[in-house]
Structures are given as C-alpha cells and as structure tokens.
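Alright, structures below, take your time with them.
Each of the two complexes below includes chain A, the first together with chain B, the second together with chain C.
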Partner chain A sequence: MSLEAPAETSPLAPLATELRATLGDAILEISENWGHLIVRVPPDKRPETLAVLKALGFDFYNFACGVDWPDENELEVFDNVYATKTQARVTVKCRVPRDDPKVPTATGVYGGSDWHEREAWELFGIVFVGHPRLRRLLLADWQEGFPMRKDEVLRARVEKPWPGEFFEA
Partner chain B sequence: MALLDQVELPKPLKFTLNWGRKYSLWTLQFGLACCAIEMAASMMPRHDIMRFGVIPFPASPRQADVMIVAGTCVDKMIPSIIRVWEQMPEPKYAISFGSCSNSGGPYWDSYSVAKGIDQYLPIDVYVPGCPPRPEALLDGIMKLQDRIQHESLKERLSVS
Partner chain C sequence: MTDVTTKGYFTATTERDISTGDMVLNIGPQHPSTHGVLRVVVRLDGERVVEAEPVLGYMHRAFEKLAEQRSAMQNTALFNRLDWISGFCNEVPYCIACEKLAGIEVPKRARVQRVILFELTRLASHSLFCGVFGLELGALTAPMYGYRDREYALDLLEMVTGQRMHTNWSRIGGVKEDFPEGFYERVPAILEYYRTRVEQWLGFLIDNDVFVERTRGIGTLPQDVALEYGVSGPNLRASGVAIDARKEEEYLGYAEYDFDIPVGEYGDCFDRYVQRVREMWESCNIIEQALEDLGPGPINTGVGRTFKVPAGEIYIRAEGPRGETGYYLISNGGREPYRLKIRTGSFSNISVLPYLLKNIYVPDIVAILGSLDFVVGDVDR
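Up next, the complex of A and B:
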C-alpha cells in the first residue's frame, strides 16, 4: 500500500496543511486517494482528530468500520467523515493490536458513531472504550465469535465444503 | 377433530372434504426478503392467486392454513418463524419459497443465515428460484392442492 501525500496542486492540500499544523506529531501519515484524504493516527488520538475535523466543517459522520490484518496481527478502525458544504471526505485510520483491540470511542464527538461502533464491536471485536452501551446491534444474541475476522471458522463450510471443489477435481 | 384422527372417512366424504379444503387455503405470508416482492406480485391482478382459492392476508396465524416462508431466514428470525408456525391450527402446510429458505441459497457462506428453513419446519412444497417467478408460486400452490386432495386426514392428524 503506497499512497502519496496530496500534491501541492491538490484541492485537499490546504486541509492537509491545516491538519498537520493543528495535530502535529499525532499524525503518522497523510495521503490522498481518489479525492479522499486519509489520515493515519495512533488509536488514542482518534477522538481528538475527529473533534478537529468536526471543527473544520466536517459535519456528517459517514461510517466507521474495521479491517482485519492477520499478517500484521492488527485490526484497523476506519472513520469516514464528510463536509456537506465543501463536499470533502476524510478517512481517519488507526491500528490496534489484535490481542488487545481497544480504541477510545468517538460517540462524544459524533453522536452518529454510536451504532457504527457497536457494529464494529460485534463483527470484529474492537472494544470502544467509553462507549455508553456497547451491546449487540445486528447479530443474534447466541452468535459466537467475531464473524468478520479472517480466522473465524465458518461452521457451514466445515460441515459441507463448497461444492465447486467437486467440479474442479 | 375428535373423530377425524381416529376414523378413515368414507371415500365420497373424504373427496368432498379435501376438495373443500384445497380451494380454501388461507395463506400466512412470511415475507423476509426480495422473494416477498414476487410473492406480493402473485397476489396482484395479473397473476391473481385468489383464483386458486388462496386467500392472502389472514387476520391472524390462528386462521391460516398455509405458511409461505419467502426469503432469507437469518438465525435471529428463526424463533419468530417457529412461534408463528406454532400458533397455526392443524392441519397446516408450509411452502418454502426461494433458494434462501430452501437451502440458504447464495448465503451458504454467511455467518448469520439459516441453511434452509426445513431444519425447523416440516416443508410440504419447495419452490426453487432466486427469486422464483410468480408463476412458480402458482405451480407450488397447485402441487400443494394436489397433495391435499389425495391425503388422508386421519394419517395427517394422528401423526402430528
């Protein structure tokens, strides 16, 4: 994954400069991809970064989600925010260790992140510290494990393999 | 019902009773996903399921004879389906409509979709398709009527 920092001519360049000036060392990496600004921060700076973005006019919280990176033994948390006036999008990413996935919640900054964090919690097992009601949102109460993690075993596949394999043989 | 499960009816009476039952199927619809749209289409004037004596929209499951499970049954929904099924009076029939409720369909790899509603309910007719055409449901209804016409109420009621 080699994304480049926004070029000087890019319309996102002033925003990147402003974020660097405000957050300073908290920013690990800033890159641009398809008109999105991607900001990588340490997990404990997540609410702070989002608060700065909200003050900069990013008034719509699009979504949060997770990505599992089993090779690096890490889980990634995404936050996508949108500015309805300038129509700019920013993605905030932070990575946490897989064994102890703890991220501070963003519900204090954007109220809309409540359900997204609950979903990421039940599908990936990412614990959002300080979330007011971290409980099941979509899955059944008796569901075990975190189904979106790559190493999660799919029971149906164990009992009956995918029939496509028969045709290949 | 006190006698029906002990005595085999004489042939003319059995024919008449079953004939009456098969043209008065009150259908409880359990539309769960996109198949519900096709099921609704079969009840609209173009396909007009009522000409087969199927009456959609009963006021309660206690008045229904047939349950059409149409669509993707997720694990979380199964308790509700079973609960509604158990509220229906005997003799009752179930139609599984669409690939998802037949076998899990395209969601075979899903972590949350039940792999076939027949693990939980005794299904009489399976309608394949993703989603099936309304004509397929009409065909399924006719298959079910065929089954009702030829079945013995004594056997049906004494088993269940």
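Up next, the complex of A and C:
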C-alpha cells in the first residue's frame, strides 16, 4: 500500500505545505489518497495536529478508530476530520507499540472524539491518556480481551470455516 | 451508600445526601421512546435534568469484526442490519468503496436504479419518523399515518428486491436484478401520494399548538457543537449547516439531478421535524428525474463471488436518512476486508445527547430523543 505525496497540481498541495510549515518535524509523512490527505504523526503530537487542523477550518469531527497491525507489532489510531467550507478531508494517523499502546486524548480539541476514543479503547486496548472517563461504551462489563485485535479469533469461523471454500477450486 | 442503579456512570461520587434533592432516573433500555434498547441515566433536580448519560451497547453485534471474517461479497447482507429502517442506504456506500478500490465502473442503469431505491428508502424512513415523532409527543394518530405511508415505499422495495427492509439488493459491481414489470407504472402514483402527504404532514402537526409548544425552542443544537460532535444529516441541516454528501461527493451521479438542500434556522426539535418533511419532497423530485434518466443497458458487471478487494484504503460516505454513512475500508488484497470502520450517522448524532439533555424538563427528554431519529442498531453496530 504505497501512497504518494500530493502532487503540486493537486488541490490539497497548499494544505500540505501549510501543515508542514506549522507542524514542522512533527509530520512523518503526508500523502494523498483518493482525494483525501493522510498525515502521519508521532502519537504525542496527535492533539497538537488536530488543534492545528481545527484552526485551519476542519470543523467537522468525523470519527476516530483503531487498526491492528500485528506483523509490525503496532496499533494505529485514525482521526478523520472534514472542513465544511473547503470540503477537504484529512486523516491523521499515529502508530503506537502493541504492548504499550498509549496516545494522548483529543477530547480537549474535539469534544466529539469522546465516544470514539472510548470505543477504540475497549475494542483495541488503546489507552487515551487524559481522557476524562475512559470506560466501557459498547461491551458488557464481563467481557475480557480486546475483540478487534487480530489475535482475538471469531470462534464460530474457526470451528466451521467459510463454506464457500468448497466451490472455489 | 453505593447506588447500584447508576453502576458508576456518573463521575461524581455515588454517595448521595438527601438534602441535595438530586434523583437518578433510569430511562430504558426498554422504553418506547428509545427506538430499540438505548438506556439513558439522568440526574434530576426536581423535574429539571442536571446531567444525562446515554448507555449503549445493548445491541452491539460486532459488525466490524464480522466484516473482517466474511468475504467482501457477503458483507452487504450484514449492513442491511445496521440501520434496519433504511437498510438499502447502508449497503450502497460499502459497494461503492469496494468498486472504487477494484476500479470497477458500474453501468449507468445500475447506478440510477440504486438512486431510485436509495431515495425510496429515505421516503420510507422519514415517513416513519414523522409518525413516531408524533407518538413521542402523545399524538397517537400520527404513528398510524406514519406506518401507513411507509408501506407504500416498502411495497415498491418488496416488489424489486423481495424484501421490505433487509433488501440486500446492491452488489459489488451493480445490482442483483432488474426492476420487475409493472414497477414503472406504480411509481408515479406513489410519488404523487407522498407529495400530498408532505403537505399534510406539515399541516397535521405544525398547525397543532400542542406540538409547537412541545418542540419550539426545545433541544436547540448550535452549529459549532453539532459539527464538533460529528452530527450529520437532517439533524445538522436543521441547525443551518447546508452539508449534504449528495451535493459534495461524486457518487451515484446525484450531480446530474436538480434538487435543493433545505436547511433549518434554529436547530430545535421543531426544525428537525420540518427538515425531514421537506427532504421527503426533494426525494420525490430526485426519483422522478432518475426514472426519466433510466435507460436500457446492463445492470451488473458480473463480479464473481470469489471477488478480492485490491490492496488499498478508501473512505466513502453517502447521505443516508440518518446522516453520513461512511465506510473506511482497508484492504490487503484478500477476500475479506482487512479492517472496515463503519461510521454511522446515529452514533455521532446521539453522542451529542449529554450536551442536549441539560437544563431541560423530563418530558423534553422524549421529544429530543425522538427528534434525533436514531436507530440503536445503527448506534451500536
């Protein structure tokens, strides 16, 4: 999955330049993907990056979610924001080690990230440091583990594999 | 004394002093106004709500996990069950996401057919809302009309797909089958019916003093708060923000059709009701133009069941009846999506509830919950 940096002719190029100028070294990578900008930052720069984006007119907080990359032993946090005026969309990504997944909360920047972070916390085990009330949102209190991590298998599928395999040959 | 009913859902201590006069009231998970199983724990001072906390998860079916185990083709059946009131609207953006990654060009006829069913589903969903919202406020006749109106659109859906709600008709690369005979003859009369109903819905409740008293100025949602919490769809437009994915994104060829985006002024319960009624009118316009646009041609590109999503990632959104329905699809080239984040309208729409349910009276809780038009299956996924 190689993503390309936005071309100079791209409408997102000025935004990329502005982000580079404001955040400087905090940006590990900027790429363009299907007309959206993907900004990769270190985990501790997540609130700062989102605050900069909010000041640039990205007023619509879309969602935050996690992704598990067991091969690299990392977890990834996504934040997707949208600018209602310019209709630009940016995804902020940061990666944290799987055995110590800690990332600062963005609830101070976008109030709407509250529930999304709680969801990512319980499903992936990503700890959002500074979140005012990090507690269960969707899962029941008795459930253990982090169901969305890749090593958490879906039991029904293990015991009885997909029947479609039979027809595939 | 520890209060077992709140289960620690408030940050404040559960040691309660009688002199404060606070009372904790538990609404749901079984309550007619919660449209499923949403639970709201509210702290009251007299009859005034001090603090409210929605409790989710009673309907959590782990769709994001299931989507990683099922083949890309199978998943459409799953997404009908996200928001069962408008099942078809959930499968379309997912199919578009897979098609874009695979570089599949959908035939025009299939695309227009999707538009027609999409908007019919919106008519069904908004009709139901108009009825049920009356029910929340004690107008017991309204749901009878709402359910009756919805059936006309659902009849058409059943005629095409064989199912009233869980249609599973959109496929990656097109649609399942062509419109049946007699479909085109039925649609104009039903659109005409919906147009008369729009006028009646406006008169039926808006000219009703009790309805206006219960909704005007109740649950006012300011623009900035709505945007920060990701509130979308009719709820956001009722607050005066003219955002509509049908105008902003290039999908299903909505740009070719002439329709307006109505917006509200104050963003209260009343505006949210009027907003949906007005959107029904625009949906009728879109269906009418789409029917004219529907030419002969293939309806499917014949993508097989062993379809593999090419590696890549993409975010696709569509304007569902409950707001922005989006899929962030990450694929590593396998048969199943590697990760599929489902962004639903209802989840973000009710995440603003702790803000809205403050300094209001208890009966207003029901009005506000109803006006947001959420479906718990869409919230919990």
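Basically, the second predicted complex is superposed on the first by the 152 of 169 C-alpha atoms of A that agree within 3 Å, B and C clash if a C-alpha of one lies under 4 Å from a C-alpha of the other, contacts with A are read in each partner's own complex, and residues count from 1 in each chain.
Keep this in mind: a residue touches a chain if its C-beta (ideal position, glycine included) is under 8 Å from a C-beta of that chain, and two chains touch if they have at least 3 such contacts.
Quick caveat: nothing in here was measured; it's all calculated off a predicted structure.
By the touch criterion stated above, A:Ala140 is placed in contact with chain B and with chain C alike.
Judged by the number of chain A residues each one touches, C leads among chain B and chain C.
Using the contact criterion defined above for the overlaid structures, shared-chain residue A:Leu154 touches chain B and also reaches chain C. Of the two partner chains, neither chain B nor chain C is touched by A:Gly24. Using the contact criterion defined above for the overlaid structures, shared-chain residue A:Trp115 touches chain C, although it does not reach chain B.
Common to the chain B and chain C contact sets on chain A are residues 139-140, 147, 154, 157, 162. Chain A meets chain C in the complex at residues 1, 33-34, 36, 59-63, 65, 67-68, 78, 80, 84, 87, 89, 91, 110-112, 114-115, 123, 132-133, 135-141, 147-148, 154, 157, 162, 164, 167-168.
In the complex of the two chains, the chain C residues touching chain A come out as 7-8, 11, 56-57, 60, 62, 64-66, 69-71, 100, 224-225, 227-230, 232, 241, 243, 248, 305-306, 311-315, 324, 326, 328, 330, 332, 339, 341, 343, 347-348, 351-352, 355, 380-381.
Listed in rising order, the residues of chain B touching chain A in the complex are 74-76, 104, 108-112, 115. The part of chain A that touches chain B in the complex is made up of residues 139-140, 142-143, 147, 152, 154, 156-157, 162.
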